[in-house]
Structures are given as structure tokens and as C-alpha cells.
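Structures follow.
Below, subunit A partners subunit B and then partners subunit C, in two separate complexes.
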Partner chain A sequence: MRKDKNTAGRDKNTTINPFVRGAVTILGNEKHQSISIPLFAILLSLLAGAIVILFLGKNPIDSFISLLQGSGILPKAQYAAKKNMLTDFLSMINSLTPMIFAALAVAVALKTGLFNIGISGQMLVAGFAATVTVGYSNLPMAAALPLVLVVGIVFGGAVGALIGWLKHRFNINEVVSSIMLNYIFQYIISFFINSYYMNPVTRQSRQVSAAARLTLTDVELYGLKMDIPLGFILTIPVAFLVLFLLNKTRLGYELKIVGLNRKAAKYAGIKVGKSMVISMAISGALAGLAGVTLYLGTFASIQPRVLTSVGFDSIAVCLLGNAHPIGILFSSLLITIISKGGNYMSSMVGIPQEIAQVITGLILLFSACGAYIRYRVELAKENIGNGKLRIENNGEGGQK
Partner chain B sequence: MDIIIIEGLAFALPLFIIAIGGIYSERSGITNLALEGFLGFGAFIGAAAVTAFTRGNVAGIEVQMFFVALLFSVIGGAVFAMLHALLCIPFKANQVISGVVINILAVALTAFFTSQINSVIFGKPTNKFVLGVCEKFTVPGISKIPILGAFFTDVYYYVPIIIVVALFASYVLYKSRFGLRLRACGDNPHAVDAAGVDVSKVRFIAVMISGALSGLGGICFAYSISTSFSPSIYAGYGFLAIAALIFGNWKIGPTLGACLLFGFARSAGYKLAQVLELASTFSDIIMILPYVLTLLLLMFFSSTNRPPRALGEIYDKGKR
Partner chain C sequence: MDEYIVEMRHITKRFPGVVANDDVSVSIKKGEIFALLGENGAGKSTLMSMLFGMYEPDEGEIFIRGKKVKITSPAQATQLNIGMVHQHFKLVENYTITENIVLGQEPPSRFMGFLPSVDIKGSNKKIAELSKRYGLEVDPRKKIEDISVSTRQRVEILKMLYREAEILIFDEPTAVLTPQEIEFLLDIIRELRNSGKTIILITHKLEEIKKVADRCAILNRGKLVGVLDVASTTTKTMANMMVGREVSFKIEKNPANFGPEVLNVAGLTVKNQDGLQVVKNVSFSVRRGEIFAIAGVSGNGQIEVADAITGLIPASGGTISLNGNDITNSGVRERTVAGISYIPEDRQEVGLVLDFSLAENLAMKKYFREPFCEKGILNNEAFEEHGKRLIEEYDIRSGQGISTTVRSMSGGNQQKAIVAREIELSSELMIFVQPTRGLDIGAIENIHRQILAQRDAGRAILLISLELDEIIGLADTIGVMYNGEMLNIAPAETLTANQVGEYMMGVKAE
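Presenting the complex of A and B:
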């Protein structure tokens, strides 16, 4: 008898909104929220992107498929000679590599409560240093490649440490010093390239030697001509290394405590200044890896007076991945697929290429609302929970 | 010397008004990295309005159109800033993320709409709206005084406008009731709430003001540096403004000093390169002057720097 009453009451309750209830059951599980909410945000943004494409009078599904085709996830209808899906995919991976390192760099600093907006500058310094020292030398590949990585890590790390030290010693806000250093390095390096290393035809720095390049270009394999990004091999181990550092080591624990509450960290005897310098040095070293994989990998030269947008995009990519190293692997992949496939999409479907950028922006916009979505889900869950409680109370009251 | 002052002012004042926008937002407790996006989007709306009214041909009516552009940029910046306000205040997003995202979105949207409008309406495949250059004026008499007179020679029209707006903005921030509440929101929002003022509303308005002022600064850059609107307006001036306001310790007066320092160091650098007759490559070395100077000065003046206490924190009524 009581059972019947309850189910009847619950049915009344569900008539409020089955959509909300469905969303809450999917998104409400706290264990999976760190994955399910970003996925939900991405879904929302793809829907919004589809609406934009519809407004332009094109088919959104075709557009999204061509996006995947352009980045080598799905096969295209036809290929140029010596190209196929694999070569497209490898070319996408080639652009993905620096993005992963750069986003990891943002994450390490962020965990310590520092905002490294100078990734682009650190990348440029590392890339330039490696280009000049190793890229223009005659070293054989076996010596050159490790050296490129080491030079990148050392120079990137040094710039990062400098920013951390300025904050520790002079209380200079890291955002300001990073922006200033970005400009300073950009102009100094532009001066050196223009004066000594210029290729007058391309208006960029001279190409680095093939032996020092982290991407093997135009390798003929199985009748295909492909670019093999060697730097990518490092991304996944480095991501796990960062994860290990942050979660399993004493240093990582200290960095995170400094990020959570600087005063409490100081009270607990953690050297806050030292932690900040170390964190920025690690962040800079990762940015250095991003720099060498970009300037001596994806490209083989440096364009003077231009800071790469990778450094700024990586901030958003890092946050899309919840500043978690494994999340970053996936968020970098998603954003790179969209930006890489944008070219092909615009030529196939006939919509402007900028639309790919707009979709990227929308994804980031919706994922920024992740906290809000979580908050609403909690609220809805409570409402449903309260409803249940009320019904049960009523039921009991009836029996009494 | 004169040219240093003229060019320095022309660069420093738009930067200053953008930085004031940043101060409004940050003093209310909302971190604002989105200035770059605000100034670009505001300038885009202004330029698009000019293009719409003149059908792409501004020749002859540049002056009237300049004021139209100014008005629409302010509105455009304020409306676009609502996005940042929405994300940060009711949607409780991380304010740093929101700022970065809005910059990316602004670049994407303005590039997309500029080329779309140009190709669909005018059939031209460009990503530019041509605006023409802002008119200048010289005050007769005063401009003859040595050195000081340079401040009154060849002044861009926007310079006095910005000065008036800046004076009004600092009056509102420091002397009005709204300004007091705004500053209190940045330091102790709970006290503001206890006094019966809606913290969210004050912050929302502050962010919109921030957008409006950035839009004004953005269109001035578009008129003075590039004489057109194109994605090249995203040259980092918004970040420079953030640097200036942090340098100025979140206060309007010192921030003006920081902006003038940038402006004059920049124009002095250009002049120096000209005087020394250096090869064009050396101008890059001189261009670092303002930034190195800033870093050095920061080493001496940063120790007392203190951001607003509640900056970047999401306001939660229940938290104590």
C-alpha cells in the first residue's frame, strides 16, 4: 500500500522536467564529473557551432566530418600523390606536440598559484637558443637531437626561473614581468635574426640542419611521403612525469600547498619563495620543450618579431583539460584537430576558415562554464532529492 | 623633442584609458585579462559602424565618422564585456580562464565577421575596414611655448576626449558613492553585502565600464596607429595596459605615470633610432627600451604593491 503511494508521488515529481532528470543522472555522479562535465560542455559548443554553420547555409555534419578528414582522423575522398590518411594524421600530431608541452607548462605554474602568461616568450628563447647553437652546427643527428632538447629545457627553464625570482625577490607580479620579458625577447631575437641569421627570400631565419630537426620530414615509407614528429614520443612520458611529480613527490606536494594557501604553506615551514622559483623553472623548461618542438620540429625557422599564438592558446587548452596532465593530452588533441582541420573544412564546405577558430572559442567558452554546470547539477540534484524526501515524509505521515 | 611628446601622448593616452577600464574591473574584484579582447571587439564595432554608414568609402567625412566610430566602439566594448561579466559573476567561472577565452573569442569573431562582411557586402576579399587617420589640431598661442607647447601641437582629436573621460572616471571611482562601493567590492565584498548593496550588480557594471573604456582606447589605436581596423590591432596593447595598471598599484594616478613612461620611452626610442641613423634592424634593440625601463623601475617600486584583497575570488554569500 505504501509502495503504491510512493511511486504515484514520484511520478508526479518527474513530470517537472524529464530533461533535467536525465542530465542530472548523467552528470550527477561526482566520480565522473571531471570528465562528464567537460564532455557536456564540448557537446554544447559543437551544437552552437552547428547553429552558426547552419546560419551560413551549410551542412554542419558535412563540416564536422571534413574537420576530422582534414586532420587525418577520417579518410578523405581523394589524396594527392604519396599522401593518405596517415600522412595527414602525422601532420596533425606534428602541430599537437608543442601544444601539449605548452599546456603542461601552464599547468605546473597554475598548481603553484602562478599564472605563466610568458610561455610564448620562453618558447621563443628556447627555440632561438637551440637554433643558433645546434641548428646551425654540423653535429650528427645522434648528438644533435638530445642537445636540442637539453638546450631548450635549460634556456626555457632559465627564463621561467628568472620570472619566479623576480616575484620572490622584488615582489614583481609574474603577469607583468612575463609580458615585459615577452616583448624584450621578441625584439632582441628579432634583432639577431635580422642582422645575422636572415634568409632574405623567406624573411625568416635560415632553416636549421635536417639533423637537428625534431621532425623527420618527407620520409619515404611504403610509397608515402610523411613527416614523423619525433618530439611526440616524449609527450606522453612527460605528461605522466608531471603527474607523478605533482601527486607523488614531496616537491609536488609543497608546490600544490603553496598554490592552495601561501600563508598556510609558510606557516608549515615550506619555503614559499623557493617553491615559486622552482615551479616557474619547471614550467619554463616545459615551455622550452614546446619551443624546440615548434621551432625545430613543426617549423625549421623562426619568424622575427612574431610571438607564436601557441603560448596563449595553451592557457585555454590547459584549463579545458582541468589543469590535469592526462586531461591536457585530450584537450590538446581536440583543439589541434579543430585548428588543423579548419583549412580542409573551409575549402571543402566553402565556409570561412575563421569559423574553426570560432568553434574553438566556443568550446573554451562553454568549458569555462564548467563550474556553473556543476553548480546547477548539484542544485537540481538537491531539488530532486528534496522532492523524494518530501514524498517519503508524506508517506510516513499518512501511515501514522 | 616635440615629436617625442606628440607621439608619446598619442600612444600613452589610449593605453591609459584602457588601463582605467582594467582598474574599474579589478578594483571591483574581477580579474580582467580580457582587455585585449574588449579593445579589439570595441574597435571592430566602431569600424563596422563607420563602414556601414559610409558604404566603405570614408573619403571626405572622416571627422564626423570618427565620432560615430567612437560612440559605437564604446557601446560595442560594453556589450562585449557583458560576456566576461556573465561568465565571472552569475556563471562563477574562473576569471583568468574567462579572460583568456574572451580574448581568443574576440580575435576569432572579429576576424570572421570582418572578412565575411567585406566579401558578402562589398565583394572584396580583405580583412580590413579602412578608417582614415584621426584629425589633429594645434592650439594657437600656447603651442609656441618651448617644450610645453608640444603638448598643444598636432594633438589628435581623441586626446582631449580621453582626458575628459579619464578625469570623470577618476572622479567617479574616488569621490562618488558608486566608486566607494566598487572599491569596497574588491576589498571586502561581504561588508558591501551587509550594507545592503548588491555585490553582483556593482561588479557587473564595473566590468561593463571596463569594456566601454577599452573600446574607446581600441578605436583610438585603430585611428592613430593603423588608420584601419584589421586583426593586427591585437598587438598586445591590452596586456600592456594590464602591466601598466599593476605597475600603478591599481591606482589611477600612478597608472597614468606608467602609461606616459611607456609612451615617451617608445617615441623616444623611435626618435633615437632616427637621430643616430641606425640601420632598421637596430630599431628592434631600441624598441625594448620601455619594457626594460619598466622592469627596472618595478624592481624598486614593487615591494609595496598590493592587489585588491578579494581580487579573483568568486563572491559567495555563504562564505565567511
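Presenting the complex of A and C:
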């Protein structure tokens, strides 16, 4: 029956460009817009990426397939010894884990109307603190792993809270203070690594003990050698926890009011300053989780004087996921697949790895256009609406 | 046929859940003042927004000067010599008056002979001339942030005149003005008509229509009820047609029955952000069952008194006590819980979270208590039930019930939502600031009745209003504030409206 109605509508609407009409029907549904618009943005960016690849004289389909192969979603033609699709997939998951935590960190602050651009710095502090306290200790795994997480959460949270407090107490814009703190922590930690913890060969901090590492490396299983990212087990529960916090708790309700209208929050009796400190502390704690899963998981050491790009990419990943914890799970996955598969794509199709970066960049760029796409859809909807209404009225009259 | 400059025929406009305009036809003659009268949400603003190109009608046709037109944008409306002053002004705060007026149509010039720039000097002159010609005195070089609300409105009018508008739409122009400013504006409107402009006045204030309008169209719930010749109609008839039932202008009041003192303010002093004293040594008290009204011209410290009592701004001197307990240094939440309800002056900026649903807004002062929240976890059902009950009891109209985003509701219904929420707190002290600002007669009557019911139920009520009629009609005790000081406090029955008016102007000071 639904089919009939659709075709009837289409026949009568020949005057309107069917492509536009189709796009508007799909994107215009407000209930699904939070999903359909990011998907549309991704589609646009892949198209743009395909054009770039075409210009290089390569086949875009092959390229995209090789992206998926490189990140363990599709099987490769051949594998090295003790490697297969599963090992590739786990390796991708290994990089995905910190991205999810970092993007969740951005989301919590964003919902309170704060822009935490200091994720990278908070990650570094958490990672460094966990490295020197637990990573270089002789603790057995059963004690070390929970401790790593706790140290990460506490230190990340403390830095976040500091930024929130600076804003509350001295009205220092959180963007400024977090960028400055990024530098301060980056160089202080570099100083300590260079002075006390340096491995002279790798020019990085000494490796943490295997017992303290959140990723089990080179595990021999079913004749394969794989990395098992334990931290990943936490990502999905934490995402749901954040969702629960924001939508179902008193604290989340208060944070959202502060984010939407500070004057109204004060009027409702909410302590705005306290809420901002709490929000930044939670955001920092999540960044701390990202930090330990990166520096004591994906890697086992810290490169001095370098801030990880994860903290910055996570801002765009968060926006692509509509700052919604579940959306973030998917947007993190997408971005990680592309950046992880880029290596393989460049070797297989002969596309420079930079192009994979370009595509990631394009996706993030288009994701920021979500609001613009929504606006265009509304506009088109109104135009079509004017015509459609008349037609529907006629149609209904006829049926009756 | 040329007699009509604007004709709107069979206009229908639907929004999700509501029909804002249902087959409305109006025709407006050149050179008349045509009023559109109706309750909040009756569809007046929507109808005019379509004439100004902000919406397009779903059905119906618009004719301008006898020609059929399709107006798709305000820019196009401007080309057709249509101008509109919106209820909420659309001005750039840190630009000068001239810059705001020429914005979008800047006269070009060359800086140092070649750099493209805007001819501000010439524009200043032109604006000064324009303002003189129409009696709209402004200083073109002043920045918007430094000028008063009524001057901002003049800037909006000048903006239309600069664009050579012939058809001027005013959307509730007097809602933000004091009585004196209203008189002045009405003079300006008459002046504009006399110089050949066509004026469309959206309002729900009957006296204004009676004073200036030639004809008046009445809308009720999106439908056109009738078009009247104002001179031959009484305000009573117009009111009845607008509301769709008999309305009484008189406020029926039971005799007062004062109980013990609830609020005591002693020597209250408040400083604003610049360190200036905006409230100077103000003392008064409010008893149970009493409506204490503070009268005063806008900006004389009344709002700050309310904000200080509720804890939104700190008191720099004096004490505030509620039921004998000193609350001068308590937090906002403590005061709410101790028994203060507050309907703030600014609904959208302070009283509501516009992007939250109606249910969430209605629970904004209670969410932290059971049953809304248990051990930090929110109970959605409690929010929904509470929301549904209040919508029902207070007749809050919205497109999608409790899940409506408050931003999409009409101003009157937003106000109803705040009033409902604050009365539901059953606080011992209720502070109403401008509770009926921007509301129509039906809604005003309703809110007045609710205020009186609360008083009769033994609550202490502090009413702050710019409307003298409201104060005279409701108050048991009247205090008049002028320049931050409480000039006079007296039982309402010992004062006439004229006397209060004189105090408001500071005439009887010393």
C-alpha cells in the first residue's frame, strides 16, 4: 500500500527534479536527520575523495576497497606469516580505542557549552603519570592494569578540572587556558622524559612493562600473532555511561542547561561554575582514558615534544557523531578505518598515503557542514512542500 | 481596484501541529492605519511575516498595488517598498545608528581615492535629515548598545524609511515601551500616515487601536473574525470578538486578609556591574495575603530588587529575610526551596531554556526533588505527567504537547508555561515581574485571576510592573521606585493613578 502511494506521488511530481526530491524525502525526515545528515556528509566526502583519486589516474573503487582491506574489514589477497584479517582488524581496533574516549571527552564538555581543545594535553599528562607510576613498576598485571586506568582517569580529570576552575574562578576562556596548558604540559613532560626516562636508541621514553600495557601484544592464538586491545572492552560501556549521564541523570540535566542557557541555569538554582568544573573534570577523565589507552596501549612509550593528533581529530569526530555518544562510536570507527587503511591503500593502489589523510580531512570538513546541509534541506522541503500540498490535496480528493 | 495597496486573498499557512492562518483575506487601503488584532498565537505575526517574505503561504495569493506577487524573501519585500519593525529588534549592538540603518545598502565611496569603503559621513548627514523630516530624533553616531529601547525602535523605523518603504508593518511596537514612549510612538505613526505611508499595526492592545487605527481586522485562532471600522466600534466589542467570549475589564478583588510578614527587605543596596548604585537603601515588607506592587518607569531599579531577593545578583548592603530567616547570602536554590517563586522579566533569556522541551522546562525548578529525581537518576515519567497536568490546568498551547521545543511556542504560551511552573511551586513568596508583558487580553485576565487566587490562598506577592493599570487594579500596597529609591509606600486605596504616575516621574521627591 505504501508503495502505491509513493509511485502515485512520483508520477504527479514530474515537474520537480526527482534527484532533489529523493534527497529531500530521505534527508527531510526530522526524526532520522541526526543519522541521515552525517551519512550524507560522508557520502559527499567519499565522492570528493573519489574525484581526487580519479585525478591521480587511479580507480576509486579499488582504493576504497583497499582501505577496508587495510583495516581488516575485507580480506586481503595475501598475508604475511601469522597474520590474517583478524590481526589487521584488531590492530585497527587498537587505534580506535583512544579515539572513542577522546571524542566522548569532547562531547561531554560540548554539552555544557565548553570547548575542550586540550584533550591532547590531558591525554599526555594521564599517559605520562601512568607510565612513571605504574608502567615502570614491577606490579603484576592484575594490579597494574586497573591502576593504569585509575591513574589515567585521576590525572586527566585533574587537568580538566583545573581548566574548568580557571574559567569559573578567573573567567579565563577554556580554549585559551587549555591550549596554553597543552604547551606547558608538553614541555614539562618532555623535560622529564629527556632527563630521566629516555631510551637513547628510540629517542622515546623507555617502554612500559608488558604487565602494565592495556594492549596484549604478539599473543599467539590459532597460529596467529595478534595484538589484543583490552581497553576497547571499556569503550562501549563508557559510551553508554556517558549517554546515561547526559540524558538520565540530574547531573546531565544540569550540565545541559548550563550549556544551553547559563542565565536560565543560574535562575533555576544551578551552580554554573561548579557545573563547568564538574563537566571539565569528566571530560578530562575521559581524555585520561584516551591517554592511557594510547600511551600504554596502542604504543608503550611517549615521544617527547609531540602532542598526539588524536586529541584534535577527536573534536571533528565528535561533531561528525553529532556529539552523541553512540554516534561517536560509529564516527570514530569510520575515521580510524580510513586512517588505518591508508597505509595499505598507498602500497596496493599506489596512492600516496597523504591522499588517505586528504580523504579523512574531507570527511571531517563535510561533517562540519551538517548544519548547512540541514538548512538546504529545509529550504528545498519548503519549496517542494508548496507544490506537494496542492497535489496531495487533489489526490486525496480524487480517492475519496 | 487600485484603492487597495495590499490584498491578501485566502491565505492559509500551516506549521507542524497548527494551522496558523486559515483562509484569511484582508485588503488594506493606501494611506490608512490598519490594525491586526488578536490573542497570542492568533496568527497575526505569521500573516504579516508572509507579507514580508519570511514565510511563504501554503495557499492563497498576495497582491501589491493590484499586481499579483510572490514574496520569497525580505529583500524582495523591501523592493516592493514593504518594511517591518519586528517585536525583537534586529540591530547590531556595537554598530552606530547610521551603520545599522545603511547595513545592506551602504553608499559606496573611496577611501584615500581608491580603497572601497562606506560613505559614513554622507550617511550620517542623510540619516540626520531623515530623522528630522519624520520627527524621529536620533544621534546617528551613537552606538546601539548605548541607546534606550525606544530609540532603538526609532532606528528600526528609520531603517524602513531609508529603504523607502511605503507599507510599514509594526509588530507589537508598544510591548517594550513605557506609557509616555507609547504616546510618542503613536504620534509618530500618525505622522507617518499623514505623509502618505500605509501602516499595518499588529497589536493586542485595544486602546492603541482605538487611538490611532482607521480599520481593524480581528483574528482568532488563525481565522479572520471580522474587519471593523474603528471609529464606530467600542473597545468592548473588539475585545469580545478577539477572545471569542465576553471579557470583563474590571478586576474583581476580594477584600484583603493580611497575615504575618513573609518578606522583609531592610536597607537593600545593589550595585550594577559598573559599581553604580542602582538600588539605594530600599526597605519594605510583604505580608501573607498581600499584593505589594512596585511601580516605576523602566530602569529605576525595580528589576534589581527582584533579582537581589531571588539571589540572581548579590546585595551590596542591607538584609533580606524570608519568614524571619536571613537569606541575604543564600544561594538561588536555597531561596527557591525556602519558598520563593520568581517570574523574571526576561522570559527567553532567563526564564526558559528555549531548546529544551516543554516538559523539561516545566520541571526546571523541581527536577532535583522526588519524584523527578531519585538518587541522582531522573524519572522521565514524572516529567511527562507533571508536564501534561500543567498543560491541561494552565491551558498552555503548543504544537506537539509536552515534547514541543519551547523555542517554537508563541510568546504568550511561553509566559503561561513560566507562570504555571512558578505557581506550581506553591511558594510562600511569589515575585511577578511584568507578568502580562506582551500578552493579550484573554491571557492577561487569566494571569490576573491567578495572581489574585494566590493572594487569596495566603501567599505573599511582590508584583513589579510598568503597567499602571495593572498595579492600580491588583495591588493592596503600592511602592513607587524612582532612580533606585523607594519614594513612597502606601495602601493602594489611598492613592490615585495620577498620584502614582507623579511619583513614577519623581515629581513628589522631596
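We adopt the following convention: the second predicted complex is superposed on the first by the 374 of 400 C-alpha atoms of A that agree within 3 Å, B and C clash if a C-alpha of one lies under 4 Å from a C-alpha of the other, contacts with A are read in each partner's own complex, and residues count from 1 in each chain.
The definition used in the following text is that a residue touches a chain if its C-beta (ideal position, glycine included) is under 8 Å from a C-beta of that chain, and two chains touch if they have at least 3 such contacts.
None of these values were measured; they are calculated from a predicted model.
Peer 1: Let's test your reading of the overlay: on subunit A, do subunit B and subunit C clash or fit side by side?
Peer 2: clash
Peer 1: On the A-aligned overlay, A:Y267 touches which partner chain: subunit B = first, subunit C = second, or both, or neither?
Peer 2: Only subunit C; A:Y267 stays clear of subunit B.
Peer 1: Regarding the shared-chain residue A:I257, is it in contact with subunit B (first), subunit C (second), both, or neither?
Peer 2: second
Peer 1: When the two structures are overlaid on chain A, which partner does A:K248 contact: first (subunit B), second (subunit C), both, or neither?
Peer 2: After superposing on A, A:K248 lies in contact with subunit C but is clear of subunit B.
Peer 1: Which of the two partners, first being subunit B and second being subunit C, lies in contact with A:F115: first, second, both, or neither?
Peer 2: First partner only.
Peer 1: With both structures placed on chain A, which of the two partners, subunit B or subunit C, ends up touching more residues of subunit A?
Peer 2: B
Peer 1: So, A:Y222: does it touch subunit B (first), subunit C (second), both, or neither?
Peer 2: Neither: A:Y222 stays clear of subunit B and subunit C.
Peer 1: Under the stated contact criterion, what part of subunit B meets subunit A in this complex?
Peer 2: 33, 87, 90-94, 96-98, 100-105, 107-109, 111-112, 115-116, 236, 239-240, 242-243, 246-247, 281-282, 284-285, 287-288, 291-292, 294-295, 298-299, 302-303, 305, 307
Peer 1: In their shared complex, at which residues does subunit A touch subunit B?
Peer 2: Of all residues in subunit A, those touching subunit B are 115, 117, 166, 170-173, 175-177, 179-184, 187-188, 190-191, 194-195, 304-305, 312-313, 315-316, 319, 352, 354-355, 357-358, 360-362, 364-365, 368-372, 375.
Peer 1: Can you list the residues on subunit C that touch subunit A in the complex?
Peer 2: It comes out as residues 56, 58-59, 310, 312, 331-337, 342, 344, 346, 349-356, 360, 364-365, 367-368, 373, 376-378, 380.
Peer 1: Given the complex with subunit C, which residues does subunit A contribute to the contact?
Peer 2: 248-253, 256-257, 260-261, 263-271, 382, 385-386, 389-390
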